[in-house]
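Presented sequentially are two complexes of chain A, the first with chain B as partner and the second with chain C.
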Partner chain A sequence: MGAGHAHRLHRPGNSSVHTLPPHCKLAAVLCFVVVVVSTPRTAVWAFALYAALLAGVAAVARTPFSFLLRRMLIEVPFVAFAFLMPFVVPGPEVRFLGVPLSVPGLWDAWNVLAKGSLGVAASVLLAATTELRSLLLGLQRLRLPPLLVQIASFMIRYGDVITDEMRRMSVARRSRGFEARGVRHWGVLAKTAGALFIRSYERGERVHLAMVSRGYVGAMPVIEEATASRAQWAYAGALPLTALAVCLLGWLL
Partner chain B sequence: MHVPDGFIDVPVSAATGVVAAGAVAVALRGARRELDERTAPLAGLVAAFVFAAQMLNFPVAAGTSGHLLGGALAAVLVGPYTGVLCVSVVLLMQGILFADGGLTALGVNITDMAVVTTVVSYALFRGLVRVLPRTRRSVTVSSFVAALVSVPASALAFTLIYAVGGTTDLPIGKVLTAMVGVHVLIGVGEAAITALTVGAVIAVRPDLVYGARGLTAPLKLRVGGPRGELVDVASAPTAASSAAATVTADSPATATATGAGPLTASGGPAGARSNRTVWVTGLVTALVLAGFVSFYASASPDGLEKVAADQGIDKKAEPHHAADSPLADYGVRDVADARLSGGLAGAIGVGATVVVGSGVFWAVRRRRTYAAGAVGRAASATGTGGSGGSGGFGGSGGSGDSADSGAGRADATGRAVPGERG
Partner chain C sequence: MTAATAARSSAEPPPPPASLEVSGLAYAYPDGHQALYGVDLTVERGERVALLGPNGAGKTTLVLHLNGILEPGAGSVAIAGLPVAKRHLAEIRRRVGIVFQDPDDQLFMPTVREDVAFGPAAAGIRGPELAARVGAALDQVGMAEYADRPPHHLSFGQRRRVAVATVLVMEPEILVLDEPSSNLDPASRRELADLLLSLDVTVLMVTHDLPYALELCPRAVVLSEGVIAADGPTPELLSDGELMAAHRLELPFGFDPRSVSPRRTAP
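On to the complex of A and B.
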């Protein structure tokens, strides 16, 4: 699996964020998100500071903002849900352009939007600056069970293969004049899913046999141990610690 | 349906994280039993399949389309433990790589989308398969019902989590109505697609469908030419060799069959009989569960109608008050009452699910210990040839768990045909 497997979420680079050990970055992002989530919603300025912090990280990692914003489109369904809230949450109302909006609903929408967007932005930055394989190694370093990491790595490694297989089936269907228009065509699509399952399962068996024949006994060899120095931990910890300071200020003020 | 960061508060997120971690740990151990050392590649590939299947769009009408959630499908196809594991891994990767679902909400997402869907659907599926006649159609019908219920059950689990730790002021009654109402609709689509997909796999490779393993009947030999009588070969140690023998002469085959009879008769059937009480209790509790879950299913259209009543479409909502199921009696307006009754209903439902789920899993595990060696061997022996297939078949004995991979083999080589039971 040489070239062509770099996933589109990752932007290769050699900035100081890219070269940080993966488990430091994972821990930092997780702590950052926990801090953001536990910030009181009324401290609006704190969320602006968080956003500035993430923007700083993106600048250091030389990740273009357009890329970041494009990847953040994934939260659109949830944004729509948040915009619904001022209309459904009961409470005292304010009139905005003649439309009655509930005040607690507005706060709820703000809360969910701000925290959700910051979480998404942090995750996007993590995925953009960390290679898939090292991300999995980082998870393993953070004491995720090795079997789970193996399963995840197989899923990632063969995800593209399986998706391509599905795409080829779709091409084959369309080249025979099939076009899924409604419920009547579910049978055909479900047969595709069934065939996809059989192919995936059989591929899994073949992969296992191939691995056994190469000496696999249940554990993957770790070629380079991901280690982190104290300085690297401190560098990665700068983000969540600053955020923690902001959060504490938000609670105190 | 992926919950983002900030929607559930930190303590409840942490608690659900612990629940999810425990469930994944149990699933890891269980999957190792289901798949032994093939766990990593197979579960990984199945996870990739679930991931890809979620991208397969099913057009509904007028430009809208839905997609599979996959919990029930994974549970029926690869078993509950592997199912939980695969969906959890998919959710983990979606959270970390695609930022789909918040990192702090990972526990919430895994609990309601991986654990609840899989456990509920599999418990229901097992119960139904026990009750219904042993045919392929009943497997697809059961998977339909299981998937139909699993999606609203997941919505219900989410509402419960939200009731405990939601950060917004949405009334619980509204959330419950909206979530369960919408997810009943989604569940119908999910159920149809799941049943069709399971049917498609069963038609081609029934041996791969975990939920259809109990279906395989023991092989029968046709003795004495194409119109000869069917002889039970469940007691024959090597099906392929005796099948080959019947082509030439009748007497050696019957001799081996009778000679080996007492040897295996002491193994398989005795084990099956001692499990019967366990199965009956499992069945009864599964029925109780089905009763509870059907309350939820019937409660949600009730909720939608109640919304209509509140809007003034229906002035006097008398039929609803006549509905005497205690769980259907939540009110949209009075929140305290809805919280109480909803919580109570949820507690009962979740408790029943846990009890039934663990009971069924325990029973399944006990049964699997009898056929454990045979299943693994037979599954991997499909490519090795006739002798391997017959070995797996002979080992399974009366339980007939792995007879299917042997069935095609023996049918191709000798005169053995899979007999219909019941």
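On to the complex of A and C.
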């Protein structure tokens, strides 16, 4: 029942980015993304500066660019949509290699692509330098509703357990000669999904029982207090504040 | 306290109250299925008792009464003299440490350390005292070096031992184990036995594993059809073929309880 390392996003290290308290980093990334999104799309140079800022953070965190780029592939399915825009958005057209492209569509595509990629890059950096566990602590510290943090924490804890169960069910199916090969077999897969849901639900009940037996009364005790000094906040703030300056320039120029 | 007992306590300390006192416990599930029909069971402090019985005998139902998860339809349960009732639930759940059958249900926190810390932290213990207690409990089960691992990266036997630590850290009055030997390979099974024998705590062990019961528990009780059908020294019960057959209890092939003696008696 081996469980693989589910946290492939994280690259352990001890750079000054790694050691920042998680809630500082979370807040910094969130503010950075908000700033990026509110930048006018015509200020192309501003996005180049944002990218340079992130590259700077990556350099400080000693995260290789190849790693970042590989992890950023996750956004491909989402931005694929952006590539359709030049063809479908109405407006004045330009011809590129004989293909008519809509100018507002091109701007829309650029907008989605640039802001999306910057957001994903920032998140990948956050995930690469912060353990999943401390991210949860950070969220707790930022006063996210405790219920949401608990749900996320159980998701992390039981993700592997449920994947394992799914794998065992699949092995059991195949051992009895079943291979899903098309629509005709969807019924069986749906029933498996239903069974998996019921098993997970029952596990949920048992886990709750175990929690209540150990004194759970609705709130998770905060075991590790993460605290951040003023200097750490200032250090984490460097990224969004610089970005904010760029953004303001983008609106003014 | 009456004058008589006060006088006696000045002469010699009164015996500690029984760790577990169940009297006349009856329970029916909301769907009408009656699981327990008047169970009487007393477990003295420091005893190790095996609770045996066929599937569906009401063993799990009984266990869930011990820490107030289920409320008795009739009768009462007391832990070290404290009745199991709504107003004492927090203290009762500290005193009764239940180790459930599947450690994946029991270990729900992201790391071993946090899991062991869950109980005492829920009771309001923080800082160095919390760390010290967590460290001591993990040492007791020999899992200290795994403190920062996520539970699902441990072997099954290791998870079971961590599960024991999660209740030991509460310094329970009584340790209740539900099928402690299930799914363990022989080495893990022996390691768990060594661990349980090293603990100075009252143990109630629910099990189908009769050799394990014989090895660890000098006394056994048989729960059958919602009542205690037999109560006595484990070797005697297991040697009583008629009693065993009447309650669907079977020893593994070739196992003769008279040929082995319990490893140690209760402290």
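Note that in this section the second predicted complex is superposed on the first by the 245 of 253 C-alpha atoms of A that agree within 3 Å, B and C clash if a C-alpha of one lies under 4 Å from a C-alpha of the other, contacts with A are read in each partner's own complex, and residues count from 1 in each chain.
Rule of thumb we're sticking to: a contact is a pair of C-beta atoms (placed from the backbone, for glycine too) under 8 Å apart; a residue touches a chain by one contact, two chains touch by 3 or more.
Please read these numbers as outputs of a predicted model, since none were measured by experiment.
Counting the residues of chain A touched by each of chain B and chain C gives the higher count for B. Of the two partner chains placed around the shared chain by superposition, chain B is the only one that A:S200 touches, whereas chain C remains out of contact. Applying the stated contact rule after C-alpha superposition, one finds that A:L9 touches chain B and leaves chain C untouched.
Of the two partner chains, chain C is the only one touched by A:P221; chain B is not. By the touch criterion defined above, A:S213 lies against chain C but remains apart from chain B after alignment on the C-alpha atoms of chain A. Judged by the touch definition given at the top, the superposed model places A:A114 against chain B, while chain C stays out of reach. Of the two partner chains, chain B is the only one touched by A:I151; chain C is not.
Legend: residue contacts after superposition of the two complexes on their common chain; A:L253 is shown touching neither chain B nor chain C. After overlaying the two complexes on the shared chain, residue contacts for A:A48 are found with neither chain B nor chain C.
Once the two complexes are overlaid on the shared chain, A:A59 sits clear of chain B and of chain C alike.
Within chain A, the residues touched by chain B in the first complex and by chain C in the second are 132, 153-154, 156-158, 161, 203, 207, 211, 217. Only residues 7, 9, 26, 29-30, 33-34, 36-38, 41, 71-72, 74-75, 78, 85, 88-91, 104-105, 108, 111-112, 114-116, 118-124, 126-127, 132, 135, 139, 145, 147-148, 150-159, 161-163, 165-166, 180-183, 185-187, 189-198, 200-201, 203-205, 207-208, 211, 217-218 of chain A touch chain B when the two sit together in their complex. Within the complex formed with chain A, the residues of chain B that make contact are 4-7, 9-10, 13, 24-25, 28, 32, 37-49, 51-53, 55-61, 68, 73, 77-78, 85-86, 89-90, 92-93, 95-100, 102-104, 167-171, 174, 192-193, 196-201, 203-205, 208, 380. On chain A, the positions that touch chain C within their shared complex are 1, 3, 132-133, 136, 153-154, 156-158, 160-161, 203, 206-207, 209-217, 220-224.
Contact residues on chain C toward chain A in their complex (touch as defined above): 64, 67, 69, 90, 93-94, 96, 98, 100, 102, 104-106, 108-111, 114, 117-119, 121-123, 130, 150-153, 156, 166-167, 170.
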